[in-house]
Amino acid sequence: MPLFTTNLTDRIGSPQPRIFNRARGFGSPSLLLAILLILVAGASVFIFVAHLYPAPAPISRDAVLVDRQYNLTLYVTGVAFLLAQLSLAYAVVRFRDRGQKARFVRGNVGLEVLWTCLTFVVFVGLGVLGRKAWADVRFTLPASGAIQVEGTTYQFVYAFRYPGKDGKFGRINPSFVNAPAGNPLGIDPNDPAGGDDIVVSELIVPVDRPVELLLRSQDVVHSFFVRELRLQQDAMPGMIIPVHFTADHIGEFEIVCTQLCGLGHYKMHSLLRVVSPSEFDAFLNRQAMTR
Amino acid sequence: MLASTIAESIGRSGGANGECFGRGGGGGPKYPTPQRVYVTGMLIALGGILMFFSAFVSAWVVRRGLPNTDWQPIPLPHILWLNTVLLAASGMTLAYSRRCLLMGREADHRHWWDLTAILGIGFLAGQLVAWRQMVAEGLFLATTPGASFFYVFTAAHALHVLGGIAALLVLTFRLPRRLTPETASYVVALYWHFLTALWLLILAVFLLGG
Amino acid sequence: MSSDHPASTAVHARTGALGGIFRRYVFSTDHKVIGLQYFFLSLAAVTIGLFLSLCMRFHLVWPAAHLPFVTGGTMTPEQYLALVTMHGTIMVFFVLTTAPQSAFGNYFLPLQIGAMDMAFPRLNMLSFWLTFVAFLVALSAFSVPGGAPISGWTAYPPLSGMGEITGPGEGAGQSLWIVSVLIFCVGSLLGSINFISTTIEMRAPGLTLTRLPLTVWAWFVTAILSLLAFAVLFAGGILLALDRVAETSFFLPAGLVVSGELQTHGGGSPLLWQHLFWFFGHPEVYIAILPGMGVVSHILANFSRKPVFGYRAMVFALCAIGLLGFLVWGHHMFVSGMNPYSSLTFSMLTLSIGVPSAIKTFNWLGTLWGGKIQFQTPMLFALGFISFFVTGGLSGIFLAQPALDTSLHATYYVVAHFHIVMGVAAIFGIFAATYYWFPKMFGRKMNKALGQLHFWLTFVGVYAIFMPMHFVGIAGGIRRYADASGAQYLVSLQPLHGFMTIAAFITGAAQLIFFYNFFWSIRQGEPASANPWDATSLEWATASPPPPDNFAGQFPSVYRAPYEYSLPAASQDFLPQHLPSEHDAPSYEGSC
């Protein structure tokens, strides 16, 4: 006889399986749990579907593609979410201990294969369908005639540089950086191409023209995010990272920094102004005259 | 030969409790702790150490391959070749020392074991000389990225060798309580040979780097 | 209760000739003591981490408030970021990596495999003390000049790589953070060696791999992940430390200008840190969740009185998640400047990892289906785990697609996602394990009414906190922002923040019920038998709490699979693993 006792040796030969006490004092946990699950699932789905806290309207074709993929993903995962939470709710009520014997089953290989394949097809299928929205933005070069703007970030400022009339950016040399003296980007004064460069604190672009934005950082990792463009890109020190977009709505849209960059991270923001082509030319001319 | 000596050493220390739990499979003698577990533990530790150095190798690959990089090839200190010979020799003396142990030749076993430790210390001394040769070339830790990696790789490896030497010396003076001498020497040998192989890998990295 | 065991010589042998409180409870090599030490360490850590998060939530709603007991004035942005950093660091390392694996794994792995202790008890003790020291070093970052670091638990350079010039807390605070992490890595690595060796070599006779409880499988796979992932973090941490103190340029590019001052680094790559960090960081989150999954499977079977549905599929899923977990790290870097083609590859792999996760969810439902469900407190938390894992996992489907991640990265949507899987589901796994194994560890049961109340309040509370967070993120609410005074559009999201903060305080307060129940029950709880839950695994085949050598000299052999509940022909609805057959008395004799 072993030194320790277990319930089995205590009760060998006893025909009555022990039944746990059901919960007392709080009603039936199963029903409450099921109700809570249904409420949570229902409320969540409702808020999503009712777009109570939507992302702002998209302002480019690429952004519209992203939204379509988002909606597709939302429907698919929404269905999965509801099915799973409601199945759980059903199971906890239907199979609560009412004195029945549990149905002994080890598994079902066919079912395993089925739901494995189904899940794989759905999840990876979503990824395949979402490829275009990514590829159109990231695998393509900006259209010809794109306006080039350089976006430089440093703690906690955005500075946007236009190449000016000569269409060329002046060389950047970090040893020339001197914000108080009016050269925050470190444009090399010896480079004639930099003489007409325009540096402003907001990103001004004409509507319906492709824009190539070259992102740089002077100190730490920052980021460029415009919700309406559905475009976000980190500015990585030591790299120049190009992104491109074509805004098709006139307006003012906020640029925020999303990569933790120091104590001023939450205050680092700027504006994307999408203006008419004539206004954009006027802006460039105005800036050219003040140099 | 190695496989049979392993089997021998484990089998011998498996001992009296080996046949106790006959039913079912998968079990073995439990108490005292089976000797096999020390070998398993060392192998797993070596997996972790390999992963650690792999991270450095990945970092080296990326850092070297950056565009517009400041990478310059470093001149390998000549003494590294002597150090490699010392380390390889120490591996051979260790293997021979174990052979003597398993054949019951205690005195020879100790002699070659101590020689292994001495060669190991020689390796470490040689690595220090290598560092001095680097400094003489003007290559300090932060001078170039290649130099940085040189110091990081050699220092990390040397610290592990130091640990191995400590184990060799400790076992010279006292026998472990839970391990048989055969198992202890086997585990140390695994570690030591691993470090030798690792050193060759590191050398290959340096040579590839130019 | 615990001292009435005849194995007094065993006690003597285990604690050494000195005996005494020091040897038994402080510098003990007994895995049960070490498991409890880890448990109480993570209990202290979660209390501190929770407090930090409540300070954060408070600040987000009342940024101008005076907090005399916290900051001595209003909270500055850098203090907020220090809270963010330390909250994340403490919770991820000292709670989620420690409690499920090091605490419960240490205590119950040897028991569940019928062993006397871990393979390397002294190494085990060393692991704990290293973790403890790492914790103290991390906390000390608050008290140095400049305070705790502000770079987040992710510590991206150059922000974290250049010292005080990038911000307050980046001097001594960041250095202490790195030292803490390095020490933690070593403790973790040593622990992994123990777990893996023990599982491979120390199993009871008859305990084949297909008879292992899923908790053991989960701890085993987690330990392998731990071994490989922490080795990489250790390497990365060393390189970051060198960049900081030795002016190397692993991660720091040339030509940086910080606050107008030109820096003189070579051509390093900040992206390199991100790759190294996330190569560790992604397996780390699976380290945090896999043990919880094992516990949930274990508890579901126990309280549905049915075997786990699809045991082999569950093992396969654990291994698949473990393996794939090493191949998806790039999904943290979609907008980082990484090659966009790599992003698609990482995306497909990330979506694939949803498959074994879904398999596990289906199998849990399958375990419940046709069962005889008993709603003990551990079962409630296990059921809650399923609900939260589904919610958190599905929100990951959005983040796994780079086109969608471009708008969700670094927003509160991500914060919602990882809190629901880690800060809720994994924590529910810890709660479930605590309520389930409390009787075994302390010989007493926790109070049932208080446990159930704790469950209901927490279940509703965390949904109230984290569901709205998704909406904040979709609308563009950015994470790690000290307040909403930057971008204009953030102001409209403040009502949601207010709701979440109130929910957070209420839910935080509800945890006091757990604390009270826990500590009260240690002394005053209803005494528990050896097997109060009528369970089948080996930890229930010994007294509560177990004797020092775990089985009072009668080490079990294993005769069957781990979840033999409600076998049709049996006379009762469970067959313990260690009993040969329900009609024979145990028949091994002698002093084996």
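Letters A, B and C name the chains as they come in the text, with residue numbers starting at 1 for each one.
Definition applied: a residue touches a chain if its C-beta (ideal position, glycine included) is under 8 Å from a C-beta of that chain, and two chains touch if they have at least 3 such contacts.
Please read these numbers as outputs of a predicted model, since none were measured by experiment.
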Per Cα centroids, the chain farthest from chain A: B
A-C or B-C - the one linked by more C-beta pairs in contact: A-C
Chain A and chain B, separation of their C-alpha mean positions in angstrom: 46
Chain B-chain C separation of Cα centroids, rounded to whole Å: 33
Averaged-CA centre spacing for the pair chain C and chain A, given as whole angstrom: 25
Chain C residues counted as touching two or more neighbouring chains: 254, 267-269
Residues on chain A engaged by chain C in the complex (per definition of touch): 1-9, 11-15, 17-18, 20, 22-23, 25-26, 29-30, 32-33, 36-37, 40, 43-44, 47-48, 52-56, 65-66, 69-70, 73-74, 76-77, 80-81, 84-85, 87-88, 91-92, 95-97, 100-108, 111-112, 115-116, 119-120, 123-124, 126-127, 130-131, 133-135, 137-139, 154-155, 174-175, 177-180, 186, 218-221, 223, 225, 227, 230-234, 236-239, 241, 254, 256-269
In the complex with chain B, residue positions of chain C that touch it: 115-116, 119-120, 189, 192-194, 196-198, 200-209, 227-228, 230-232, 234-236, 238-239, 242, 246-250, 254, 266-269, 272, 275-276, 279, 555, 557-559, 588, 592
Interface residues, chain B side, partner chain C - complex: 17, 20-28, 30-31, 33-34, 36-37, 40-41, 44-45, 47-49, 51-56, 58-59, 62-63, 66, 68-71, 141-142, 144-145, 148, 152, 156
